[in-house]
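Letters are used for the chains, namely A, B, C and D, taken in the order the chains are written, and counting of residues starts over at 1 for each.
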Amino acid sequence: MSEHAHAHDHKGHGGHGDGGHGDHADHPSYFKTYITLLGLLAVSVAGPMFGHPWLTLITAFGIAVVKAYLVASRFMHLNIEKKIASYLLLAALALLLLFYAGVSPDVMKHRGNNWENMAAQDEVERAEAAASTAPAHHHE
Amino acid sequence: MGTLIERYLPAASTYATDIDGVIALVAIIVGFWGVLAEVVLFGLVIAFREKPGVKAQYITGEQKSEMKWIAYPHHLVLLCDVLVIVAAVRVWYNVKQDLPPADSTVRVIAQQWAWTFVDPGPDNKLDTPDDIAINDELHLEVNRTYHYKLESRDVLHSFSIPVFRLKQDAIPGRVITGWFEPTKTGTWDIQCTEMCGIGHGLMPARVVIESADGHAAWLASHRSAAVAAIAPGAAAGAK
Amino acid sequence: MRPIATTRSATGIPTGRLAVWWVIASEIVIFGGLLASYLMHRLGHPEFGGPEYAGATNTWIGAFNTFVLLTSSFAAVKAHEAAQAGDGPTAAKRLLYTAFGGLTFLCVKGYEWTHEISEGYVITKNAFWSFYYVAAGIHASHVVGGMIIMLILYGDVKKNKELQRVELIGNYWHFVDLIWIFLFPLLYIAK
Amino acid sequence: MATPIHEHHGEGDHGAHAHDDHHHDPGFVQKYLWSTDHKMIAMQYLFTGMFMAMIGGFMAYVFRVHLAFPGVHVPGFGQVNPAEYNSLVTNHGTIMIFWVAMPVLIAALGNFLIPLMIGCDDMVFPRLNRLSYQIFLLSAIVLIAGFFVEGGAFGGAWTSYPPLSAKAQYNMTPLGAPIWLVAVALEFIAFLLGGINFVTTAMNSRAPGMKMFDMPIVIWMIVIASILFMASVGPLFAGAIMLFFDQTVGTGFFDPNQGGDPILWQHLFWFFGHPEVYVVLLPALGVVAEVITVFSRKKLFGYRTVLFTSFATGLLSFFVWAHHQFIAGIDPRMANVFTVTTVLISVPIAEMMFVYIATLYGGSIRLTTPMLWALSFLIAFIVGGVTGIFLGASGADIYFHDTYFVLAHFHYTFVPIAILAVFCAVTYWYPKMFGRMMNETLGKIHFWGTFVPFNGIFIPLFMLGLGGQHRRIWSYENFPELARPEYYHLRQFASISLIIMLACQFIFIFNFFWSLKNGKVAGKNPWNANTLEWTTESPPPHGNWKELPTCYRGPYEYSVPGRESDFWPQDQKS
């Protein structure tokens, strides 16, 4: 936060090394990381061209996760940051999983135990019918 | 103790008494804990008022011997929770999840700010010309199992019949099915219990539970009722 | 001039960086809530892949913008490297490159959106486009915010002042980049 | 949300101002409105919160009188029509939670106590702190503005369920609804900034020697609450943006006719809305912990027990949100899951109650005004807690949902939280805030005049709830079951109790301002308490201490055997 913070960093709390300051000698090269990211981007763009839905899913989202990991660890320095920062971010992600698990039975599904989401079902049918003429439809 | 609610309202559906039962069970359990806690609290405050020359004791509450005063009630509470959960889920399953076969199915349509109740009519089938659709009055026959199909035309509403202990929100675009079986003849309130706009307090309806003959008479009086009032298409609610 | 409180670091993480981690954590749930909602609709509505929906988005533009943001992130991390070495002027220059990346991103978005709107794919077209514009719009507002901060920092950093802030804005920028890394497949590729 | 970082930047380049603050005598604006001093910002939050509480209280007065005496010309308001009634109940709820409980319990107490109790000179980001208050003030003004626009204030209940809240043709408040939403969103931003400040300060800036488990419970609670808030508000913030677009540009995120889903909002809302309950509860519990230990001269019965139970509560609070939606159209199978988690959360809360009660054992209890408030909090909150089980149990909730039983239940939790605990805190820290003691006699009169009528209000409402009276109803005349005279007697009893309770608040207001001048001088440590804030002058100077304290022990070392004084301040070596 401040020069003081740095001064403080240097004495005690082991804040220095873990603070992600100074010890970049052993840090993986930013440029290599950058090139890797571009490569991954190319793959994720190429993925759909094979027209195989599952392959698309993997190249799209699997690679997004890898890219995210690289940026977070190498660029945001989570690899040399105090562990608590990573736990913080992972906890936030875990919450989203919880949210998804709790909500999807009602919102993602269009029928369930004694209820039916007519509006959504009609919408799907209507759109599918409209699209069935066009080629680019149904992908997953 | 099952009369806790019946002191205010009769129980007029088959599962009303089950729901009263859960309420009674919870009342007994939490009543015990609540009273116990309050009594102990007051007792301690009275017993340990400041007295000249008497110093407070030094108790960390971290030794095993002290922890047990928290641990024992902790386990007891857990036990009570299990009881409550089992009772609650059993009733819930019976009321909301597991529908007994229906003798008739009525359609309940909520809108700002009125109810439309569609009775299947003599042929006992919905969406046929002899359906009887009327506003703000739900006519039922006693001791008959009904399914209801709940819909809304605009915003959220909630279909609540206190004497049945029944409540279910209506959601535009969705059809929600539930059931009830009236056990008492009479006329009671139907309330909208979900904020639905300015008229929320002004959309009362009544449930009229008649004997078999009474219901038949009512059906007869509604031969060729205004079917147009609720064309089958419109029944899909939101669309 | 600063409270002593600010200079303490009981966790071993300098106060400013710790705060940025908290900012990012709370941003994760904001974007996460939106994307989770989108994902539920996406999986519940197969038609979202169709021509009137994601099918009409331009993968190449999306890919190019991903490239732009990745590059600006690279510039940001190089700026941090320079700041580490105490070389303020270089760090400031690289901050400008980063901000320029943001500008490019926004221009491309502007072109893309005007094109799509002119084709009738407006925010009210259907649920997909609503999510498309809102998600990308919130993200773009973060890009703008980041650029403004970098331009403000530029002055100090050039004079070798407050160098640690280069890393703070950098971390935020990388996060904005991260969001786009997920928006790209969600909005463009999954057709 | 770039603002926080922007503010980090602000740290430096406005440094000159901070410098002035230290040395010259700042002008009125600089001192009271533009201050970055955490104590002054705490006061700003406190007074804004108290002002909003008056507005919220007035609303309660209006609709309670209207409900008890239908059609009556309410003194000071007039006839209440359905639209006005809806916006009154809506904004009463919104204000009391977002503009009273949150600012006072978290922002005011957090700002005032965190630096003083962990022994540092200010919040880590003073300007971020100032900004968060300014945004909060703006949000309050925006909310009030909603009452003066065409169509009137939003009346779709504080939960703001779409499609009602999303479409003007349904809610008939084309301007009121978006304004309400913007106000709430601004308030969220303010508390996100504040929360980041609180958490960072508590994590990084503790006094030398103060280990994590040496922090007073109230600080822990405020920090946990801030984290809960930051973690849960995100989805709703996104939801608010979506709803705003539904209202203004006509998107259909929550409109089934446009491929949206109203249930989604309910989930987004309650995913935040339930942790929010604990966001305000925990600081209140923290306040009570401080007060009962001081006035029973006892060590807390299991510091770690309290901490771990509050961690457990905080964690569990993320798993229970859908119990607000049992009958709202979610899949009935999910209700079973949420019943289990909901009923289980009673375990840590009950445990915490046991700890507080056990702390009284073997104490030397002094029934000062703050202690009375603390005890009344426990008394009332136990009732509020146990009645919650009825609602968490899905089977019983089928009947109770959206009845006055629910209303009475959460008022038996929120009144202890936002009224009893707040008065507890204000009467306890008043000497530290203003350097003088409040008048005990007036304080006790005010206490009884608040606590007794409070029960007088909500016990009848419990009974009405058992009788099936449902919420947000403008007039019961249309419902024969609810129009019974005996029900009106209960309503009138409740409403008259409310009027008495509100009237008694003037005693407090008088006491508050009278004591500023005429209270007897407090000195550093009038209550013989241990925590660090009592080791500096009252009120503390800018920078809080001439020399920042060092911490040597936990906060609750009262009546330690072998010491002649029955307290042992944290900063005393021996």
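Here, a contact is a pair of C-beta atoms (placed from the backbone, for glycine too) under 8 Å apart; a residue touches a chain by one contact, two chains touch by 3 or more.
All of these numbers come straight from a predicted model, not from anything done at the bench.
Chemist: Once the contact rule is applied, which chains count as partners of both subunit B and subunit C?
Modeler: Under the touch definition, subunit B and subunit C have A, D as mutual neighbours.
Chemist: Between C-D and A-B, name the chain pair that shares the greater number of C-beta pairs in contact.
Modeler: When the contacts at C-D and A-B are counted, C-D has more.
Chemist: Based only on mean CA positions, could you tell me how far subunit A sits from subunit D in angstrom?
Modeler: Centres of subunit A and subunit D (C-alpha means) sit 35 Å apart.
Chemist: Subunit A to subunit B: how many Å between their CA centres?
Modeler: 43
Chemist: Between subunit B and subunit D, what is the gap in Å from one C-alpha centre to the other?
Modeler: Distance between chain centres: 31 Å.
Chemist: Check each residue of subunit A and list the ones that touch at least two other chains.
Modeler: Counting only residues that touch two or more other chains, subunit A contributes 1-2, 91-92, 95, 99, 103, 107, 109, 113-115, 117, 119-120, 123.
Chemist: Could you list the positions in subunit C whose residues touch two or more of the other chains?
Modeler: Correct list: 2, 4, 6, 8-11, 13, 15-16, 18-19, 22, 25-26, 28-29, 32-33, 36-37, 40-41, 45, 126, 162, 168.
Chemist: Could you pull out the residues of subunit D that touch at least 2 other chains?
Modeler: Answer for subunit D, listing residues that touch two or more other chains: 8, 11-12, 124, 231-232, 234-235, 256-257, 259, 261, 263-264, 271, 329, 332-333.
Chemist: Following the definition at the start, I'd like every touching pair of chains, please.
Modeler: A-B, A-C, A-D, B-D, C-D
Chemist: Provide the residue numbers of subunit D that touch subunit C in the complex, in ascending order.
Modeler: 1-6, 8-9, 11-13, 15-16, 18-19, 115, 120-126, 192, 195-197, 199-201, 203-206, 230-239, 241-242, 245, 249-253, 258-261, 264, 268, 271, 548
Chemist: Could you please specify the touching residues of subunit B with respect to subunit D in the complex?
Modeler: Per the stated touch rule, the residues are 4-5, 7-9, 18-19, 22-23, 26-27, 29-31, 33-34, 37-38, 40-41, 44-45, 48-51, 54-62, 66-67, 69-70, 73-74, 77-78, 81, 84-85, 87-93, 95-97, 112, 154-156, 158, 160, 162, 165-174, 176, 188-189, 191, 193-202, 204, 238-239.
Chemist: Enumerate the contact residues on subunit A facing subunit C in the complex.
Modeler: 1-9, 13-15, 18-22, 24, 30-31, 34, 37-38, 41, 44-45, 47-48, 56-57, 59-61, 63-64, 67-68, 71-72, 74-77, 81-82, 84-85, 88-89, 91-93, 95-96, 99-100, 103-104, 107-110, 120, 123-124, 127-128, 130-131, 134, 136-140
Chemist: Where on subunit D does subunit A make contact in their complex?
Modeler: Touching subunit A: residues 8, 11-12, 124, 231-232, 234-235, 256-257, 259, 261, 263-264, 267, 271, 318-319, 321-322, 329-334 of subunit D.
Chemist: Mind pulling up the subunit B residues that touch subunit A in the complex?
Modeler: Residues 96-97, 99, 172-178, 236-239.
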